[in-house]
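You will see two complexes here that share subunit A, one where it goes with subunit B and one where it goes with subunit C.
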Partner chain A sequence: MKSKRSSTLWYAFLLAALALPFLPGGIGNTFHGHVLTMILLYASMAQSWNIISGYCGQISFGHAVFFGIGAYGAALAVVTFDSLPWYGVPAGAAAAAIVSVLISAPCFRLKGHYFAIATFATVEIFNRLFMIWDWVGGAIGLDYPILEDGWRNFSWSGTKNGYYLGALALFTLVFGIVRRIESHRMGYYLRAVREGQETAESLGVNSTFVKLSAMALSAALAALCGAFFAQYNYRVDPPMVMSLDMSMKFVLITILGGLGTFWGPLLGAAILIPLQEYTRAYLSHLGSGVDLMIFGLIIIVTMIKQPRGIMGIVHSLRKKPETPAASEEICEDREGER
Partner chain B sequence: MRSKSMLARLLVFTLCGVFLFGGAAFGADKVIKIGTLFPLTGPSAVSGQNCLNSLLAAVEVINNAHPELDMPLAAKAGLLDGYKIELVKADHQGKPDVAKSEAERLYNQENVFAIIGSYNSSATKPASAVAERAKKLFLCGASSSAALTERGYKYFFRHAPTDAIESEEFTDYISWLNKEKNAGIKTLGLFYENSEFGKHAADEAKKAAKEVGLEITADVPFNVGATNLSSEVQTLKAANPDAVFGAALGGDYSLWVRTMKQVNWLPKIAINYCTGYQNPAVQKELGADGNYFMGGMSFSPELAEKFMPEALVVQEKFYRPLANQPFDSDSVQEAVMLMILGQAIEKAGALDTEKVREILASETFVSPLSLSGEVAFAPGGQNIKALSVITQIENQKYNTIYPEKFKDSEVIYPMKPWDNR
Partner chain C sequence: MGNFLQVLIDGLLNGLLYALVAAGLSLIWGVMDVINFAHGEFLMVAMYLSYWLGFLLDIDPFISWIAGGIFLFLLGAVTYRLIIKNSLGKAAMAPLLATFGLSMLLKNFCMNVFTPNFRLLSGNWLEGRTIAFGGAIVPLPQLVTALFAFAVLGVLYWMLKKTRLGWAIQATAMDKEAAELMGIDTERIYLLVFGMGGACVGIAGSLMTSYLAVYPEVGGLFSLIAFVVVALGGFGSIPGALLAALLIGLVESFSGFYIAAVVKYVAVFAVYLGVILLRPRGLFGW
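And then the complex of A and B:
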């Protein structure tokens, strides 16, 4: 059950985000527009990962594989089949869901760190596979031709408005699904498996089915994000999308924001992405990696100060002026976030 | 008293504002912003920094009067009627997605007139696609993937010889060696990084080898930034080809050479594309182990002494103080592109992208920093005057061994084995 306050916040956020490009001096073709689009994209990616790793407790380092399959789905449709990306998007999402089930079915026999290590290895395997697979462009990758601007090709060059609205739609879909899951029976099953698989099974939860379903859903949503990424960058190659670097982005953003919380991925992305983009844009010319040092330092300090991420900080701030009414509200919110 | 202090503060703030914003506005009138997009961090950072330093040297030549230099744009200070070049630097970290977003930022936020970059072919591709869509100029010095100039782009211009040109040159040389020196080279091995650059180079090598009847007996890709190349080098050793074409950048190149020494194997000749071979810093690190390897080059201090004397002056006066080493074949080409852009702006007589583009596409430019001495672009943007020679390194000196016109030394063939040096 969602609290009224939580629902108000969700709809107010969507409304404000939707209005942004239509305000004077909104998105246009600015660098800030790029950063906002990336925040929405990476928040969606992190939320898709949050389903299996945050809510269900199965830490996966292999989501770059599903993200990459989605990216290749869209790019193959455009580059290889000379068609519209829209045909490749569902195909990529379906392929990612199938691959995730095929990979996870044996991996789910492993638990904890062993499962995480197994998923880690899948990224390397798929990276090498796509590097030598000529049909998907191999190491050279797939480069988009110059397409006509518009929703049909999902490509714009003069403005970021289209990409921003596309990212917002993706964000609404991914966060909307997670919002629905949170209060659905599935959400309780996921959390039950996370808290204790044996206990959940003793209460009649089919943990294998729950984990596989969560993984398939998580992979399909990650693939949609991958398709957006390919469209945005006009290119896809294995190091861009199927790398441990990319997998770590899924993990880092969610953990920084707050693992297993609804708003955590958005908060993580809202901190990390601007930090990454602006430090690179305005400090990287120094050529000494100062941007990367600052970036790393902030992550270390945040994690030392609050291992539960930014949502942990938010909760501790809300705890201080505790009144009976406020504490009741926090409990209600946490119910939803667990 | 308090109101006086308040007034003084207001005055200071106002003056600061006038100096900061007013100054910027007045200064902006006489500035041509050029974006630079190189890998300043990441695995190719050293090469990226060299490219940037090379551009800074070219800016010095253009912005200030250097009548002692016999080259276009050097005699007077600035371009047109006193415009100065200002570089706006960006780092793409060797990542195509970062290159694309940085190119957008440079064009849209920094309002640069053109971008010069991006060293890695995989980064140059999406960044130049941004330029083409926005109808802005993109000039490329060193990226060598032939695909870059096969896209039919109108706003993209590249100086470097492509992998296709170099592959043909390498196989021509092998044919010459077989004919003139009875070298008996029949088999070829390919050793290349698994990237856009390496894969393209290998594909072009296969085509060129087929033309001259060389049999490819080893096709060995490796991952960029690998920490161990033993299995790859063992694969080469097992196939034991007579010749090897290498495409390994920076640290990967020195690791490759050292691993061959470890396993005590060498082919008869090893010829490299635009790679770590060309970097004097890498050769210094390798010392005597780097000897007798070969590579295609369009610049070396030895070549410059004979054919590009002005390049040596620019190198010693402006580049070496920044980079602490001589120009290398990659970095000097970035400086060439800025000099060519400057000439095109001068000829256009205005900062008009379309006019400058038309001039770039149609005219031949004098280029004392290029081996051929001139630059002209074909449709698609490839420099049709691009020249490359084959050099062999000996005690960190690049000896030119082919073609005859540029030759200054005899080839040492076959390479001396590791245990006989």
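And then the complex of A and C:
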């Protein structure tokens, strides 16, 4: 899986991303800097979801819960305990992992759409519980006080380079872990469970353990992204972090890029996030909702034309017709499209 | 005691409304194993249609439900032809995600054109009319909607069990290939089923306009409740959906009154999770 070429690509990408803010006329405090930061954040979120849903095949619509717990972890540390976000981050990640295991252990018995709807229901339950739970700010949410700039508070009000580098660190961590898993024994277990749970079990894979540990890892990483989101937006409230719409972002970005592929989440985020941010900024004269209408249209077209996402397109381009039989097949496909 | 009766009646009336909203979803899920994520937005479209017919042409919702049913039948059929047919069987969840895209498109289109404001139709025939029933008050618009729910579910059930079309639909649901070998045009059945699912939600949406406000996000909660009702009732079972909807309506009204209004949906979804974990395929599933 980890060929020399893909390793070169990976390190080159990280180096280029790291060098970007230090170049003359780098990102500074521009809108493009904001978009780049968001791409890295949403790519990390999508990749964390990809672990359980892409590699392991358990499509979850409940990741907003774990994302939200992470966001509340950081915000509670800063706002309620008047302390540093760094104490809230591991607490949030651990809480998310525990909650994810408690929810998933019974829900993994459900199949197909029953599992999907059960995960929707958990998002609604958590959303409404956090709405009425005064300790976490209820429906008003938690607003950050004014903090000193710097890594200590993980907060910058002037130049946003700090957030960009923080997002890059998050991105490197999440993608690095997935890269490690892909070639590790665990990665093979995950894919074995996805391809056929009974077969995997008959070969001695403990599928329950594999699914639960993948879910816990996925939830903890989603919580880290949530903590970053809270720090970046300076506030959290339930509709912002624990909504079905947030859950769907995890799903849609990964699916658009390519479910169960390493680069898919990054590609999906690199297309959807700029689209969303720039249409919101430049098409606002057309009235509200235009950005989300375009978003919806792209999802429909992707699902109809290439449900395997951008990675699916890349693969079909790479596979040049070598044998006459293969080229005939492609011709037939094209005719079918007409 | 008066309170208890009132809460009971409210729960049953709401439950029957949920049953009507969920019936179309249940049919589509049962026959095609597809979740139409735009179901709530179909409901919203029907509500807007009924609202504008009432507002501009003075047509009462208890007449415009016919228009709502027909329009949503067509919308369902077009959705099937353009989206479902092309995404069915391609990848896991592809139709679900494609209809999620459709729901975003419809919701934000209405947001853009009709503004996010709440609109309540006034001057209906039954507006504000109630009948007293043993110390409880039964609002007439809700009662008539609930009776419609019974009628629509009854017709749907009769159609599935007693007519040739219904048998063809059941055969398609059981085994598509075998049904094709028996000479059933399954393509046409799918189209009809999606249209009928749309028509059910169209009738529900039109009638609801007689007592509920319409706004672009009205479908969100209703579609979630419809998902829960269908999953709780079990794969494509109409009696199951009815029973589940009544249960959900009662849980909602009793927890809202006896615990706190803010926890009623927590209770609804918690009851759903509790039941589904004991019976992973719903009350009437197999």
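Definition applied: the second predicted complex is superposed on the first by the 318 of 338 C-alpha atoms of A that agree within 3 Å, B and C clash if a C-alpha of one lies under 4 Å from a C-alpha of the other, contacts with A are read in each partner's own complex, and residues count from 1 in each chain.
Everything below uses one rule, namely that a residue touches a chain if its C-beta (ideal position, glycine included) is under 8 Å from a C-beta of that chain, and two chains touch if they have at least 3 such contacts.
This one's a predicted model, so the numbers in the text were calculated from it and none came from an experiment.
Student: Which partner does A:Leu129 reach: the first (subunit B), the second (subunit C), both, or neither?
Tutor: Only subunit C; A:Leu129 stays clear of subunit B.
Student: Quick one: classify A:Gly176 as touching subunit B (first), subunit C (second), both or neither.
Tutor: So A:Gly176 meets neither subunit B nor subunit C here.
Student: Counting only touches as set out at the top, which of subunit B and subunit C does A:Gly196 meet: first, second, both, neither?
Tutor: After superposing on A, A:Gly196 lies clear of both subunit B and subunit C.
Student: Is A:Leu252 in contact with subunit B, with subunit C, with both, or with neither (first, second, both, neither)?
Tutor: second
Student: Where does A:Asn233 make contact in the superposed view: on subunit B (first), on subunit C (second), on both, or on neither?
Tutor: A:Asn233 sits against subunit B, while subunit C stays out of touch.
Student: Using the superposition described at the top, determine whether subunit B or subunit C touches more residues of subunit A.
Tutor: Between subunit B and subunit C, C touches the greater number of residues in subunit A.
Student: Who does A:Ala281 touch here: subunit B (first), subunit C (second), both, or neither?
Tutor: Once the two structures are laid over each other on A, A:Ala281 reaches subunit B alone.
Student: Would you sort A:Ile59 into first (subunit B), second (subunit C), both or neither based on which partner it touches?
Tutor: Only subunit C is touched by A:Ile59; subunit B is not.
Student: Do subunit B and subunit C touch any of the same residues on subunit A, and if so, which?
Tutor: Shared contact residues on subunit A: 131-132, 287, 289, 292.
Student: Any idea which subunit C residues touch subunit A in the complex?
Tutor: Residues in contact with subunit A: 29, 33, 35, 83, 86-87, 90-98, 100-105, 107-109, 111-112, 116, 220, 224, 227-228, 231, 260, 262-263, 265-266, 269-270, 272-273, 276-277, 280-282.
Student: Taking the touch rule as given, give the residues of subunit A at its contact with subunit C in the complex, in rising order.
Tutor: 57, 59, 106-107, 109-114, 116-118, 120-122, 124-125, 128-129, 131-132, 244, 248, 251-252, 255, 259, 286-290, 292-293, 295-300, 303-304, 307-308
Student: Taking the touch rule as given, give the residues of subunit B at its contact with subunit A in the complex, in rising order.
Tutor: 40-41, 45, 48-49, 52, 88-91, 93, 95-98, 100-102, 104-105, 108-109, 122, 125-126, 129-130, 132-134, 147, 194-196, 198-200, 221, 224
Student: Name, in rising order, each residue of subunit A that touches subunit B in their complex.
Tutor: Per the touch definition, subunit A meets subunit B at residues 29-31, 34, 131-132, 138-141, 143-144, 146, 157-158, 229, 232-235, 237, 239-240, 277, 280-281, 284-285, 287, 289, 291-292.
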